[in-house]
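Next come two complexes, and both contain subunit A; in the first it sits with subunit B, in the second with subunit C.
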Partner chain A sequence: MKPIIKATGLGRWYGEVIGLNDLNVEILPGITGLVGPNGAGKSTFMKLLVGEMRPSSGSLEVLGHTPFANQELYRQLGFCPQQDALYDHMTGLQFVTHCMRLANLNHTDAKAMATRALQRVHLENAMNRPVSGYSKGMRQRTKLAQAFAHTPKLIIADEPLTGLDPVARHQVLDLYRELGDSGTSLIISSHVLHEVQSLTPRIVLIHRGRLLAQGPVEDVRQLLSRHPRKVHLRAREPRALARALLELPHVHSATLEEATGDLHIETRDIRAFHSDLPALASRTRSGIESLESSDASLDAVFDYLVG
Partner chain B sequence: MRASTHTEIYRPFTGTLREHPRRWVTIGVSSAKQGFKRKLPALLLFTPVAIGCVIACFRVYFRFQLLSGDLVNINSPGAAGITLMVTETLGDVVSNIFTYTQGMAFFSLMIVAWYGAGLIAEDRRLGANLLYFSRPISRLDYLLGKGAGAAFFGFLALTLPCLLVCSVATFTSPEWSFIVEEWASILKVILFSSIWVGTVTVLVLTISSLVGRKSHALIGIIGAIVLSSGVSTVLAHLFNENSFSLLNLFQNFERLGEWMFDRWNPDRKVTITQTAAALGGLWTLCLFILAVRVRKMEVVA
Partner chain C sequence: MHFLKTAWLMSRLQMRSLVLSRRLLICVLLASAPIAIAWFAGGHQHATDIVPFIGMFLVLQVVAPLISLTVGSSVVTEELENRTITYIFTRPTDRAAFFLGRLASSTVVSTILVTISSAGVIWAATYPQAGQANFKRERIRRGAHEMVEIVRDLPEGLATGLIAASVVAAIMYTLISAGLGVFFRRAMILSLVYTFAIEGFLANIPGSTQKLSVQFYLRSFLTDVHEMSASILSEIPMLTGTTLYTAPEALTRLAAAYSVFLLISALGIRTRQYMMTS
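For the complex of A and B:
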């Protein structure tokens, strides 16, 4: 599959401050989560992707185009910035229509597309009210509407879930899934890691301006050999099970909690562990009641990598 | 917000899109519309302009009425002399327009400043430029649009009233003499007011691009005008050197107006070439700053 974004040695400095440094990344079509701590360079990367800035070094291709001042590319892009970016004196409909007009559409088409997009983010009842009276969540959804109203090929959203209540988050995540299913590629940056993971397994993790990890979360976790995978087991015969597990070469440690009978296993190869466990449980007649892997999530990967 | 079952399906737009090539017009119209939202500042700022325009129109109307003999019987004893004296006092159309433009220069500056000060500054504060520049909008489109928005109000304050005076002159002059004999004056009026509005607009946008809030931009504009006028006056007095008056925007335009409307004062020590060079320098400096600031806008957003 051809990547939609290809960065080679990408760098961006703000005077002496490094925003991005020698970033090499390829992003495939579909939904990708862009994660990293504050100041990691996510917003800089997004601004470079949408052509707001020129790279200080390296090269960047988005949908086969060089982004800066490339109007052909901008017709295929939708951008939802982190900043508020709304004009308070306009209504939601006027604002999104204005954005569509800037995307080269005539007034009739622009208004029709804006109306449809605002309905899609459930702002149909508020779209004729001035933006100044909107809540944070409504403002966020208005920004989102202008990003996808013109049916772009690629949507780049910087912290799009900030300020949304749980119902609105759910609706927005559903919208992203639908957009993804309809063939639109999305790059979403967020601090709400479990929500990113619920949307896509594919992540790009940036830290201090550098690429730290890229790919499906499970694969990235598998590569972190310094941090054995933790598995929590509850069984009728935990001691026998622990003794048998310690004989496996990939099992690093086994800890039994006397009070609860819980067994905490650390393994360097989770796939081999899952493969070996059923036979072992059967042989020792240990009667496994529950099994849970606690550090395979994006949160855990993030913690291990960023520290 | 209503809860939903999340069963809606996203429907991509499938129609045919017609292109609208002049995107800066969209930005200009949006900026102008924004200005009309608040009525009180418009009322306060445009009242002196309206009064000045009405006075100028009345003087022109009254002059032509006197000359046509509709108001006073010129054949009556002494009437011709009085008529001549009054019409001389009222002045011809061009001198009325010239007086109006000089009188309204400050107000038109304030109007453009009020409506233009926030156009770039507030965009940067809100981060709205991020939305502009991720669309098929060039930096030039953006600047032209913002400039058109601010200049529109300058046009309302200066060019439109001048054209109204010309219209009154056209319709009241006997045998359409004004438009037949002095049509060039109308072009000069448009050109002169356009130069003034354009200069003020560029200055206002430049200061707006340097700060992050409308209020700061307004302070900056007033400060720049007061400071340049004050410094030029003080230096001119201290060194007895008239060329320092080139720093004064209003005096430059007074000289330009005198030259364009054939009212040049031969005692002036500053030439029209020097005046044009000063204005050209101001334009160049402002456009350079604007180009740099707009190019780097997203870095500070």
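For the complex of A and C:
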């Protein structure tokens, strides 16, 4: 399968600050999650993908085109930017219609496409109101509508789920799945791994401007399983619980914080840990009050991978 | 065809943004200032004595550049500051059409405002004298009639010369500000520095360096169509020693400079990278 994106030795600097450094990646058609902690270089990569900037070094091809100011590429591309910026004096419908007209559509066709797109993001009742009165979630969905209204081959969305309430988030994720099923390729950046994981098995991990890992989410998670997972527990009888936990083969260490009574566990198999814990807690009558897995965030994953 | 359509869409967008903006309110206030001054002065002196001074030293040197720079600086920088430029630059549009469309609207707005300001100066300078006729009945109608008569009595070319020079000033300064916005983020500040520091210096020292300023050509234009303005300028020692152009020569040179700067700006916007913070 021919890659839709091909970056070779891609670099981008902002003065002395490195945005991206020697990034080599090929992305195939379909839905791909671009993940990384804040400041990893995701937005820089996105800006290069949509031709907002030129690379400082290396080369980049999107759908076979060099992106910067490439009109041929923009006919096949939809971009949902991260920034919460819209023309506030316009209604949602006017805004998306305006964006469609810039793609050289006549007013009637542009309006019809805009209406359909806004209906798909469930804004049909609000689309004739000025966007200045929209909630953040509605604004986010309006940005999304302008990105896919013209049925592009590739949609690039930078943190598209930010600001959405759970219901809207669910609807938008469903929309992405529909778009993906209809053959549209999507590149979605997010710093929240589980959101991306619910959408696609394929991710590209960027950290400090470099490619850290690429491939199915499960494979990347495997990398994490080589490191002990940290769990914080609070229990009425932490010593008894700690003793029992240390007997389990997958528990690497148990540390009791005398001052607070908190128990810090390291385990090599988080699933087995969660499976064994209820029985153990019952047997030792330790009375677990709270349980928190502190290194489930993507930042923690990166900390492990970066070393 | 798509280029023209994009330019038209951009022009409409800019016009709508400007009409709803605080910039326009500021510009209206700026445009009103010389009119108010002319109104007060008109009560004490004859329009022929007031209009050349206010026109040349307030409208052309201060108000027209300020209005044009304020409006012109919004051409690129407003989209950048609002971070909406992304929606335009990731569409199959020519960036030059974006610039030209928005510039066209800005030029129209600044030209209208500056024209109102200069025409208003003439009106305000003449109206109090017309009002002195003190017709109790039909005062407005007769007052207006008197005013027209006074305008007719103004030295030949003063009214038309001032208005035409104002239009030229608005067109030039709007492009300067818009063009600087293509290359620099702080277009408004840079435009002000250029107009009131660099050009203000170049235009007001003796010698041929005056030819590097827009003001030199505006003076040439105005003095060619209005002799009294020429006599006013001849009384300022710093401005003597430089031969002014005729109106056609001044217009031709300004048109050439405009074309070159427009071309540079249009090419610049095609190649410049505009980075927005997230």
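Brief remarks on what is shown
Note that in this section the second predicted complex is superposed on the first by the 222 of 307 C-alpha atoms of A that agree within 3 Å, B and C clash if a C-alpha of one lies under 4 Å from a C-alpha of the other, contacts with A are read in each partner's own complex, and residues count from 1 in each chain.
What we mean here is this: contacts are C-beta pairs under 8 Å (C-beta built on N, C-alpha and C of every residue); 3 or more make two chains touch, one makes a residue touch a chain.
Since this is a predicted model, take the numbers as computed values, not measurements.
Upon superposition of the two complexes on subunit A, a steric clash is found between subunit B and subunit C.
Once the two complexes are laid over each other on the shared chain, residue contacts for A:Arg116 go to subunit B alone; subunit C is not touched. Judged by the touch definition given at the top, the superposed model places A:Leu291 against neither subunit B nor subunit C. In the superposition on chain A, A:Ala240 makes contact with neither subunit B nor subunit C.
When the two complexes are overlaid on their common chain A, residue A:Ile18 makes contact with neither subunit B nor subunit C. In the superposition on chain A, A:Ala69 makes contact with both subunit B and subunit C. Counted by residues of subunit A touched, the larger count belongs to B, out of subunit B and subunit C. When the two complexes are superposed via chain A, 256-264 is the only one of 4-12, 76-84, 166-174 or 256-264 in subunit B with C-alpha atoms clashing against subunit C. Under the contact criterion defined above, the residues of subunit A that touch both subunit B in one complex and subunit C in the other are 14, 47, 50-53, 69, 71-72, 74-75, 77, 79, 81-83, 85-87, 89, 98-99, 101-104, 146. Only residues 1-4, 6, 8-13, 15, 17-21, 23, 26-27, 30, 34, 37, 126-128, 130-139, 298-299, 301 of subunit B touch subunit A when the two sit together in their complex. Subunit C makes touch with subunit A in their complex at residues 2, 5-6, 9, 13, 16-17, 20, 82-84, 86-95, 270-271, 273-278. Every residue of subunit A that touches subunit B in the complex is listed here, in rising order: 14, 47, 50-53, 69, 71-72, 74-75, 77, 79, 81-87, 89, 98-99, 101-106, 109, 113, 116, 120, 122, 137, 146, 150-151, 165, 167-168, 170-171, 174-175, 178-179, 182. The touching residues of subunit A, when paired with subunit C in their complex, are 14, 43, 47, 50-54, 68-69, 71-72, 74-75, 77, 79, 81-83, 85-87, 89, 98-99, 101-104, 146, 158.
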